[in-house]
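Pasting a structure here, questions to come.
We just call them A, B, C and D in the order they show up, numbering each chain from 1.
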Amino acid sequence: MTNPMEIPFFAAGAVAVIATLLAITRTIAVHALLYLIVSLLAVAVVFYTMGAPVVAALEVIIYAGAIVVLFVFVVMMMNLGAQDSETERKWLAWRAWIGPAVLSALLLFEVIYLVVRAPVSATIGSISTPKEIGLALYGPYLLGVELASMLLLGALVGACHVGRISRSGREVQQ
Amino acid sequence: MILGWLIVILIAGGLIAWPLARLHPLLSRLIALSAVTLDLALALVLATRDFGPGSTAGGGWREELDWSWIPQFGIHFHLGMDGLSFLLVLLTLFLGVVAVVVSWTEIATAVGFYHFNLLLILAGILGVLLSLDLFLFYFSWELMLVPMYFLISVWGRERRTHAAVKFFLFTQLSGLLMLIALLALYFAHHQATGIYTFEYQDLLGTPLDPHRAMWIMLGFLAAFAVKLPAFPFHTWLPDACAEASAASNLVLASLMAATAAYAMIRFLLPLFPEAVHTISPLMIVLAVIGILYSAILAFSQTNLMRLVAYASIGHLGFVLLGIFAGNSLALRGTVMTVIAHGVSIGALFLVAGAVEKRVQSREIDTMGGLWDTIPCLSGVGLFFALAALGLPGLGDFIGEFLILIGTYQAHIAAAAVAALGVLAATFYALRFVQYAFQGTNIHSWHLPDLAAHEGFVLGVLIAVLLWLGLYPQPVLQTLAQAASHAPALWR
Amino acid sequence: MTAIPMADGLILGGILFAVGLAGVLLRRNLLLILVSIEIMLNGAGVTFVAAGSRWGQADGQVMFLFILAAAAAEVSVGLALLLTYYHRRQTLDADYVNEMRG
Amino acid sequence: MLRLLWLVPAIPLASALALAVLRLSQKTVAWLGTCSITASSVISLLVSISFLNAPPASGAYTQILWRWFDVNGLRPEIALYLDPLSLVMMVVVAFVSFLIHLYSTEFMSGDDGYGRFFAYMNLFVGCMLTLVLANNLLLLYLGWEGVGLCSYLLIGFWYRDPANGRAGRKAFIVTRAGDTAMVIGLFLLFHDLGTLNIQDLMHRAVLQWPIGSSGALAAAFLLLSGAVGKSAQLPLQTWLPDAMAGPTPVSALIHAATMVTAGVYLIARTHTLYSLAPQAQFAAAVIGAATLLMAGFSALTQHDLKRVLAYSTISQIGYMFLALGVGAWPAAIFHFMTHAFFKALLFLGAGIVIESLGGEHDIFRMGGLRQKLPVTFWTFLVAGCSLAGLPLITAGAFSKGWIVWGAYSAANGSAELWVVALAGVFLTALYTFRMIFLVFFGQQNSQVTRKPGPAMVIPCLILAFLSIAGGYIRTPFASYLSTVLAWNPGITRSPSFGEMFSEAIVALVFFLGLCLAYVFFLRRRDYSTVLASSPAGSVLHRFWFSDWGMDWLYDHLFVRPVVWIAKVGKGDPIDGFYAGVGRLNEIAWRGLSLSQSGRLRWYAAAVAAGTIVLIGVVIFS
């Protein structure tokens, strides 16, 4: 326990896992989103402890900020009520757990087995400065950046398009 | 150069005929007719120039055209004509004219697209008959396929989609086997000589070990046997013929079979003589079984087109027998049969189509006693049925006689059993006449007899069959010219 | 200066991914399926960052940025579709969507 | 003059074409159809006269019209060959055809297929003359199949009744079964001897094949099969009685006088081959002997006038085969000639009888027509006597007596065959006079509605004259024919009795048959009924009536199995395999499409499971 970052890492990791578990099991959507924010923030801490402050910041700003806000907006627009949480509860019957739990456990087992089998004594924690990241982004990864921008543009247009149809569809229904 | 024109005129005619149907269907028909007729005239010019009495009996390609196409892969646009291909080109164009004329009243929907497809098929057939480059050959082979698919699936009867898909699957799959075999040959040739080429003359001498030669040969044989069609790969033909229109049946059964037989004689026999020799007993047995099998099945059919289709398979069994008999008499008989079969079976399809147009059905039990009301058509039907049963004095007899007498030299039992096939042909031919035309007119049909254009076309076909039967020497003479390219075959 | 065992970072990523997967399979609510997918992406991100940090390279973090972009795009389009769907069917039940049945 | 030979077959063929293509009035059809045959027979007579006056040096005249084809040594020509044998055949065929055409102009009048009838008839004559005159076997085969075709067309001439069509098809298919063997014989001859020209074949056969060699035997037997089919001999005789469904002139021309004797001609034409294959020749004799007896018994039981005549024809051709088989070559051809006269006449008379009674065929419903149809009666009687062999007067007696003598004395002859031939004479007399007595004597049972006109009577009179006079030319006939077809006397045996003795026995047997017929069918009709209704008699009667059960046998042995196979195979069993492949694909498709449930989470789970499995494979392997 000589490392000052080790304790925060494990603590944040534990928080992240617990919050995530809670997030996927809530019957009320807003609760789930709140736990998701907790999980994301905890992951941000984990990033920080692993020596990636930039990413930690982005995690907070974009994930916990922008994306979750989108979710919240949608939840607000849908006006979900007590009835919905009741159906959610029904959907989360114990039988529905078996398959996902088994599959996830198997996957996790394989991942852990992989990691443990090769005894890597290496540690992590080297800090990458924003400058390094920027150089990498606009150096070797320039094409990737361009593609990402195209993807985002496409997503923008697509979301607009789908949203427009939805409006007209609703109008037709009315 | 004239060979190129032959193909170009057909494709151009098709491309022009297609849009013109929007203005008036008649324009489209006229364009198609003039394109095919022009081609036929060109072919006749060739007949007098290269195969007339004045021409020498020497070897070599009588007409040749060689353009570089894709030099990186050794692909040429190489056409060539000798006696064998000339005869079949003439048959193709002649029956092409017949098909266009017969479609004049039979096809009423999508006239432009119909003629486009028809002319494209004819162009593909000419390509197959004239190619001296195996890639071009394969290209033309596949070119026939898609328009034929449309001819069946657009202008067919009730179960046309099923028939068209069946046709497509059979021919396409077997064509792919041929492509694989072709590439194998191509690389084998490269391995042996270091040259990449699809040139027929170059590939002729490719050294192959027997095992490999057998597999490559089987690949080619698959495509040819399906297209012919040979027993037991024949089942697509009755289904297709039962659905397609009479003119497409003419193309399907008469001309496609001609290309398959041609391809066997031109490519299969000279390219893989040993492998062919090894497999020929099997093929002879299949041919003989096919002859009897199809004759008996033709006997039981109630659909007129199916009946004729099985009759066609029976005749093509003789073709197969002649090709694999390994005897030049039989081989000449094969070409003779291909031509006579094209005319007689094609004409039977036209007769069946003409009957169908009148009684609105292809089922034999709706007919009967038609002689009372349409004597001319019935008489013509009788004539072609007689041609199909191999009556001496008509073209089919000469071909089948030569095949059998040639087969007898090597395989006595096969010739004897196949001769029974000629007897069996009597069963279905007479049944056809009896149930369609004779008997009592129980349905009280009153129908118009042959129209002028029908009468003319069928009359010409009758004349051709009589000519082939009584004086086939010009055909055999022309064929003799083909001998120089594969002297071992024709000796 | 810091020394967290490499294995622990990877295992954390794995756990997050597995939990996200469980969420995707478990939930019938389309919204929560999307949430679970975000969690899975996060798990992948943790793995990348851990690996990048192990070698002292920026590449891991660059990858996380791309994941971020993909997640943003996915969420925007996904939510738009979800809204459309909700307006049509008045439900978010994923099992109700089976128009692609063969 | 000889150069006109090609016109003999060409004119009928051309007029057949014209009749088939042009639409003519009945009168024009009659003129064109008959004149063409007249022209043909006149030319054949002229050609014969010039041939007789100035025979070519080689004894035969060949006219090559054109080379049919020429491939690898197979070089048949379209060429005519005239020698004494083909000359006799040609003249008889042309002349009898002419008479029957004349008869038909009246007989067929009013039929709506008048033009078609004459087209077919002319085509037949053209083909028959081609057959007779052909110089190679392939051209002969062309004529051979051509006459078979015309036979089919004319048997089924009244196509509205399916039974006629069936009879026509039966005739064509049964004869074609024989033809198939014959064509295989052609393959064999070409393969072994390298030509199809008949004369060359015979020369080469003699050079190449020793007597009794397997090649000669096989070829002779194969050709014999063709002849047996065409000439309605055992075991392929079943088609001829049914062939009576055709119009009566057809039966007279094709199924009595000309076509059915083509087999006799073929064997006579290739007799050299048969002398190289004595077993085959003897087989012909046995077949002839058996056929003449079997058909004679069958003729005895028939009710239908034309069927009686049909069986009689089979029986008489059996005589010709017997003559060929024993080596009495000229006797066979001579009997062919007299038979052509009297049997054609019998059919023409039968046609008049049937027509005048309004289509009645049953001889038991006829009777007493002697007074009503006197001319027909007398001509019919002459022909009947000729058929049965009334000694000294009729042509039939001369020819048949000759054959009976040959059956004993010629090369292959024996006492057994002689006895069989005598039994045949007895049977012939019996059934002939049974027919004559039943039709023309006794009480009249039915009304005569129509009397024959001159066009029908004149041919009968001419033929009646020939049925008498034809016999007296036997000696010159034999000596003339001997240049190509000599009597083959038995060398090893010395006969224990002479020709006159044999002729006397024949006369005796003839009168025996006549008397028995008189007793059974005129004097005491009840005897015959008693005999026929006795247990043994009725079985035999039924057996003979149904042609010794051969039809039943063939029906169960060949026709039904083939029809059954065809019915079972209609859907193409081979296609079942491809349909099975298609079905298999469909099953696979259904299985896979089940997995496409459209459920998102199901897909996700599948992806996850797939990933787990893949990773597992990577880790644990």
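In this section, a residue touches a chain if its C-beta (ideal position, glycine included) is under 8 Å from a C-beta of that chain, and two chains touch if they have at least 3 such contacts.
Only a predicted model underlies this, so the values are computations on that prediction, with no experimental measurement involved.
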Trace the shortest sequence of touching chains from subunit A to subunit B and report its length in steps. 2
Tally the contacting C-beta pairs at the B-D interface and at the A-C interface, and name the larger one. A-C
Please identify the chain lying most centrally, where each chain is represented by the average of its Cα atoms. B
Taking the mean of the C-alpha atoms as each chain's centre, how many Å separate subunit B from subunit D? 38
Go ahead and note the Å separation of the Cα centroids belonging to subunit B and subunit C. 63
Distance-wise, how many Å sit between the C-alpha centres of subunit A and subunit C, to the nearest whole number? 5
Averaging only over C-alpha atoms, locate the centres of subunit A and subunit D and give their separation in whole Å. 100
Scan subunit C for residues touching two or more other chains and write them down. 21, 24-25, 28
Find every residue in subunit B that makes contact with two or more other chains and list them. none
Residues of subunit A touching at least two other chains: 99-100, 103, 107
As the complex stands, subunit C meets subunit A at residues 1-12, 14-29, 31-32, 34-36, 38-39, 42, 45-46, 49-50, 52-62, 64-66, 68-77, 79-84, 86-88, 92
So in the complex, the part of subunit D that touches subunit B is made up of which residues? 20, 66-72, 74, 78, 116, 138, 141-142, 144-146, 149, 152, 156, 159-162, 165, 168-169, 172-173, 176-177, 179-180, 183-184, 186-188, 190-191, 562, 565-567, 569-570, 572, 574-575, 577-578
Complex contacts: residues of subunit A adjacent to subunit D: 99-100, 103, 106-107, 110, 113-114, 117
Residue ranges of subunit D in contact with subunit A within the complex: 605, 608-609, 611-612, 615-616, 619
Residue positions on subunit A within touch of subunit C in the complex are 3-6, 9-10, 13, 16-17, 20-21, 23-24, 29, 32-33, 36, 39-40, 43, 46-47, 49-52, 54-55, 58-59, 62-63, 66-67, 70-71, 74-75, 77-78, 88, 91-92, 96-97, 99-101, 103-105, 107-108, 111-112, 115-116, 120-128, 132-133, 135-137, 141, 144, 148, 151-152, 154-156, 158-160, 162-163, 165-166, 169-170, 173
